[in-house]
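Order of writing sets the chain letters: A, B, C and D. Residues in each chain are counted from 1.
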Amino acid sequence: MTLLEDAASREPLELFREVTEDSYVDFSWQRRWKEETGGRLLGYFPVYFPEPIAHSLGFLPVNILGASGYIELEKATAHTQSFVCSISRSTFELAATGHLDHFDALAFTNICDVARNLSGIIKRNKPDKTVVYLHMPINNAVAPAKDYLYAEYGRLIEKLEPISGRKLDMEALRRSIALYNEKWELQHRMEQLRIERPWLLPYDEYYYALRAGQLLPVELYVEKMRSFLSEVEKRDRKQQDKIRVLVLGDFCEQPALPLMRAMEDAAYLVYDEAIIGPRWIGRVNEAEEDPLMALVKAYTDNLRPLTTRYHPLIDKQQHIAELVKDLRIDAVLFLVPKFCEPALYDFVIRKLALDRMHVPYVKLEYEESESTFENARMTLETLAESIIFG
Amino acid sequence: MSATAKGRALMSEEAAQYRVPKEYNQAVVLQSQLVRKYFEDVAAAAAKGKKIAYGLVEANPIEILRLFDIPVVYPEVFSLQISYKGGALPLMLAAENEGYSTDCCSYVKSGVAAIPPIGTGQTPLGYVPKPDIAVLTYSGCQIYIHWWEQYHYWTGAKIFTIDIPYVRDYERDHYVPRHDVRYVADQLMNVISQLEQLTGIRYSEEKLREILTYTADAWDHWRMALEMGKRVPTPLDGYFEAIYYMSLITLTRGDKTTADYYRFLVDELQRRAEAGIGPTPEEQFRLVFEGVPNYPYYKDWWSLFKRWNARGVAGTYPKVAGVVDYFRFNPDKPIETIAEYMIHAYCNWNMLMRADLLKYYVDAYKADGVVIHSIKSCRSFSMGQGDFKEYFVGMNIPTLMIESDHVDPRYYSEAQMRNRIDAFFESLALRKGLK
Amino acid sequence: MMGEEGYVIGVDSGSTYTKGVVMQLDGRIVATDITMTGIRILESANRLYHALLEKAGLSESDIAYVVGTGYGRYQITFGHVQVTEISAHGLAAHYLFPRTHTVLDMGGQDTKAIRINDKGEVIDFAMNDKCAAGTGRFIEAAARALGLDLRQASEIALNARRPVKITSTCTVFAETEVLEHLAAGERLEDILYGAYLGIATRSVGLLRRVGVEPEVTFQGGVSLNKGMVKAVEETLHMKVNTSPLTMYGGAIGAALYGIKRLTGKEEIVMPTADRAPREVESA
Amino acid sequence: MITAGIDVGARYVKAAILEDGKRVLVTLVDRSGYDPLGAARKAFESALSEAGLSRSDVSYVVSTGFGRHRVDFRDANATDITAAAAGARFFYPNTRTVVDVGAGNTRTSKLDENGKVVQFRVTDKCAAGGGGFLERIAYYGGIDLSQLEELALKSQKPVMISTVCSVLAETEVINLVTKNIPMEDIMMGAVMSVAGRVVAPIKQVGLTPEVTLVGGMNMNAAFPLALERFLKVHVNSSRDLVFANAVGAAYLGYRRLQKRAVIAQ
């Protein structure tokens, strides 16, 4: 039985979990997909990437998110410093120890200086690997940004075409955009479900289903996600008297699932930024005449703030005020990866707004490789206690 | 101690305390006078109610702001000067009390804590005004963005954005796509029109060309001064002294005084070379330096190298203000030359190009080894420097890795630093047969 | 030049312990000793110096040369000359195991990876960065937190079955992890060996920075810890040389440096008569 | 009415027994070692025998601390911050700011006028490990903790030691030792570096007097003094406050029983 036949017969959540855990170190599922279908593999790190471009050229775009503590950082210790986030060190370890060799191309974008330099030292250690570094525009309020990004996507396409063996076809790109719009729509529906009725879908299940979306071929994933969500919506589970918490800061380094489970004992984590990349642009306008320009606009005109992408027209303090109101938030948890400077600066900007609104919040640092969560559990319990038994 | 083994003669306290004779060290005196005048002028302008702009050292927009007669304050520069004068620690603690983490860059912490609402603006350098506008030239350091956002939310300063793409093509060195230069040029014109409305001054390309002529002249002499590090022995320390000389090419570039200064500097170094004068009594070791210096203990740290009669011949940190070895200003195409200048800031070059530049310095400046100073605050510089060490070990180039911070005094421990530096020179002496 | 008789003393004033060795000019070790460095470096160095004389049955006049190394080397005013412990550990590793080309030295505060040539001279070295300091002291603190003495902390880890993952570079985080795994009821051996594997991984990473070329010699106080030796060998996939003398690497190297100064010898290797059985077959 | 509080900390177990929520009968300390539950049971039993009571005399047991969930003989458990607030108010009723420097993390909280926790902060990972740091400084200085306290109190010119984290602070102490700086100035410098790391979270919850220090750091009289130098405000500190969390837990148990009694009428 081929990989895809086996996957088609599998229970959605079981498949999502298996492919997620396989992506911590081995990516053996993607390797088998490449052998059986002859397709190409593109790995992108770690937040945002225009997936439809790669898909329409026959690539399976895969989100590489570090090894979550499942690999020893031996070569990373030699090549990087300890005051750098763990996801960048474990991603370097994966590349240096050959776990990414079967990827035909690796793509990075300008989310922070660490990820930028990481792309350079991976290229130096893997000279024959195609490494593409996309500079995504940050001056998105001005017209030139769109022309620039259009040309920059052109440079990406120039690099991928020789590997895929065919030229980019605009109709193929339009079809890919339609498929990915459906994926993003389903992921958005799951996000709303977590916001409205978090008791129906525990964090682990939500996380596996969300992450699998950037590991499986989009055709297979969309089908599995439809059946998974309809099953979840039919569940009948009791709502507990727990506070509703907004989690900010986990947009890049992956928090350990046992950490999130330990905190979910004390509160509903109704919204967080894990695997924010795919959910972030929402929809690409399929009516746009030129599908590539549609992809460009979906990026430059998106006014939802994201720590790893600046936009002159966004007011981050106003946005967090709206988020707290719309999602009926009781408290905010700043879950910040150790040594993640961008997240630490947004924390100061946002906490100033929360202080003015008298909304309780607390900051916790984490690392992907952590194995003990007592402090996190105790902190969330205290937060809940002070609100419920206030 | 009685018997001083021959090995120890390589190290001497006299060298550690050595000062270049006064008549060969006027450039640094003139430089500190001009810097003090610059700070006085800025404070005076603010007192008169003029609009103050905050600017960044990498991709420094000084020529454009001179056009509209807007005084520029560089938080990176006032932070390093406060730290150099020993005033950084209270700013670190004040920033951390406001919620900044120990992992945040100490430039940002002192830059934000020195001015209202957290600080008062009074600093060891005199009064530093807060920003009315902040020109964000995102080149080489992502934290620039987050830093300027802090000023926006704390002080309400209006941000003018110039997004400068990274030099990022790993297949073709120094390749800058056409759409990058056009994107930066378009944004420059956009900022110029905004500044016209803000100040009521009309944009004049003719005046910009005139400013750029002074800039180009200062730039070429700055390059001539640095390239004297190729001489054996070198008349200047291409790292520790170059960092002093670097202040004016950032703070006051674009006027006749600055152009004259760098001509004066070249003459002085010429006179030093002819008189056989240098930063140390003799030249025993020639080193290339990678990384930001330690400002809080600058002189003590420098003496750990001087003690071994070691001289910096070239450094990458002075190229943060523009890779002067590679890029030259062309006043005839003002907007385009400014765009290209902004792209070629050292940290905007990718890691392969940075490694090649260091290798070029080792060869062209005939260095004995490389010193990599990794600093906890700056991941843009430091992330991946371990990979540089592997690269140089592979080419049999002796490389020392040491670590502290550039502004926060709490990360400098002299015993550990001295231990590693002495061990490096012990093995370097063996290698050069100086046993 | 001195004849073959006469004695040299090496004093390694480390961050945690001060170690000393008396050697004859022909390279034979006469006596070794160790004491806690404490807050007054010169006092503990002096105390050690006189204890060495007593142990070796010598008087001050017999000592031709005193060489200081380690953090406190500039405080040892009664010494003739100083050398960094990096150069000292290189010479000692070559003396104890002549085919050594890579040295891992783990003291109380710093971990050092050193590449040496065929004469024990340092080619390249790398040291832990700030966030990874204090491994030796961490092992002692973890042992105390688990209610064990150092010998127990060394042996007990050998019968670990499923080592617990303790990955933090920072010893403060690592200590919190140890205590939490303890509270969660994990087996003592598994926690301790898990901590040793974490340290071993980072140390091997440091060795990579200078390049690993056999043979590898493990020196410094932590080299006495059998659990740590096993963890390093397991991570490195290679045997490492250790012996009861490797904890004195700094002091031996300092003494050898003195002998080289006095006799002009290019290279000094431990006389085969002094070698313990295991070392002979590998020499 | 007798209630008990068991504080199962990362390093030590503390047990307290309270009579009618007013009088503290006994408080006791034992090492957690590697069997926290066994240590909790042993501490509780020896507290009972010291107070001349039997298990049945105790109407309510509240556990707190690291291992609170594993105390199987508890009636209820409360988090450290809630127990610390109750304990601080028990000994110093006007407390509005509580500082708990534990073996692991340090926690600060702000209370309203009737003692409810309105805001709290946990220090960054790097600022943790204050207690363990001073133990190591004493151990390698060849002295015990009470001698460290004595020396620190004698210091006239404490030396500045890094307040970033205890690993850097320890590196710095080694550095200072090579510079022959008087022992008492190094020791007070070490105590101040621990205090320095606690200032930020206190300022972030807002410094509202009275400030009360709870937990093990009360054993070192120099620590509250060091904190006062930074905060420029009096800090309540006493040997009793070492057991604030255990006493606070016992007091919470008493308040719970009172509420049940009111509801029962």
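Everything below uses one rule, namely that a residue touches a chain if its C-beta (ideal position, glycine included) is under 8 Å from a C-beta of that chain, and two chains touch if they have at least 3 such contacts.
What you see is a predicted model, and the numbers here were worked out from it, not measured in a lab.
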item	value
Partner chains that subunit A and subunit B have in common	C, D
Remotest chain, subunit A as reference, centres from CA atoms	C
Chains linked by the largest number of contacting C-beta pairs	A-B
Whole-Å separation of chain centres (CA-atom averages), subunit A against subunit C	46
Subunit C and subunit D, separation of their C-alpha mean positions in angstrom	38
Intercentroid distance (Cα basis), subunit D paired with subunit A, Å	40
Multi-chain contact sites of subunit C, meaning residues that touch two or more partners	71, 129-131, 170, 176, 180, 183, 208-209
Numbers and ranges of subunit A residues touching at least 2 other chains	77-78, 81, 83, 338, 374-375
Where subunit D touches two or more other chains at once, by residue number	66, 104-105, 124-126, 165, 168, 171, 174-175, 178
Pairwise touch network: line, ring, star, complete, or other	complete
Interfacial residue positions of subunit A with respect to subunit B in the complex	77-81, 83-84, 88, 110-114, 116-121, 123-125, 131, 133-135, 137-139, 141-142, 144-145, 147-148, 151-152, 155, 310, 312, 316-317, 336, 338-342, 344-349, 351-352
Of subunit B, residues touching subunit D in the complex	89, 93, 96-97, 99, 101-103, 408, 410-411, 413-416
Parts of subunit C lying in touch with subunit D, wherever the complex brings them together	15-16, 36-42, 71-72, 74-75, 108-109, 130-131, 133-134, 137, 141, 145-147, 170-173, 175-176, 179-180, 182-183, 185, 188
Subunit C-facing residues of subunit A, complex	69, 72-78, 81-83, 367, 369-372, 374-375
Subunit C residues within the subunit B interface of the complex	65, 71, 77, 79-81, 83-87, 110, 121-127, 129-130, 208-211, 261
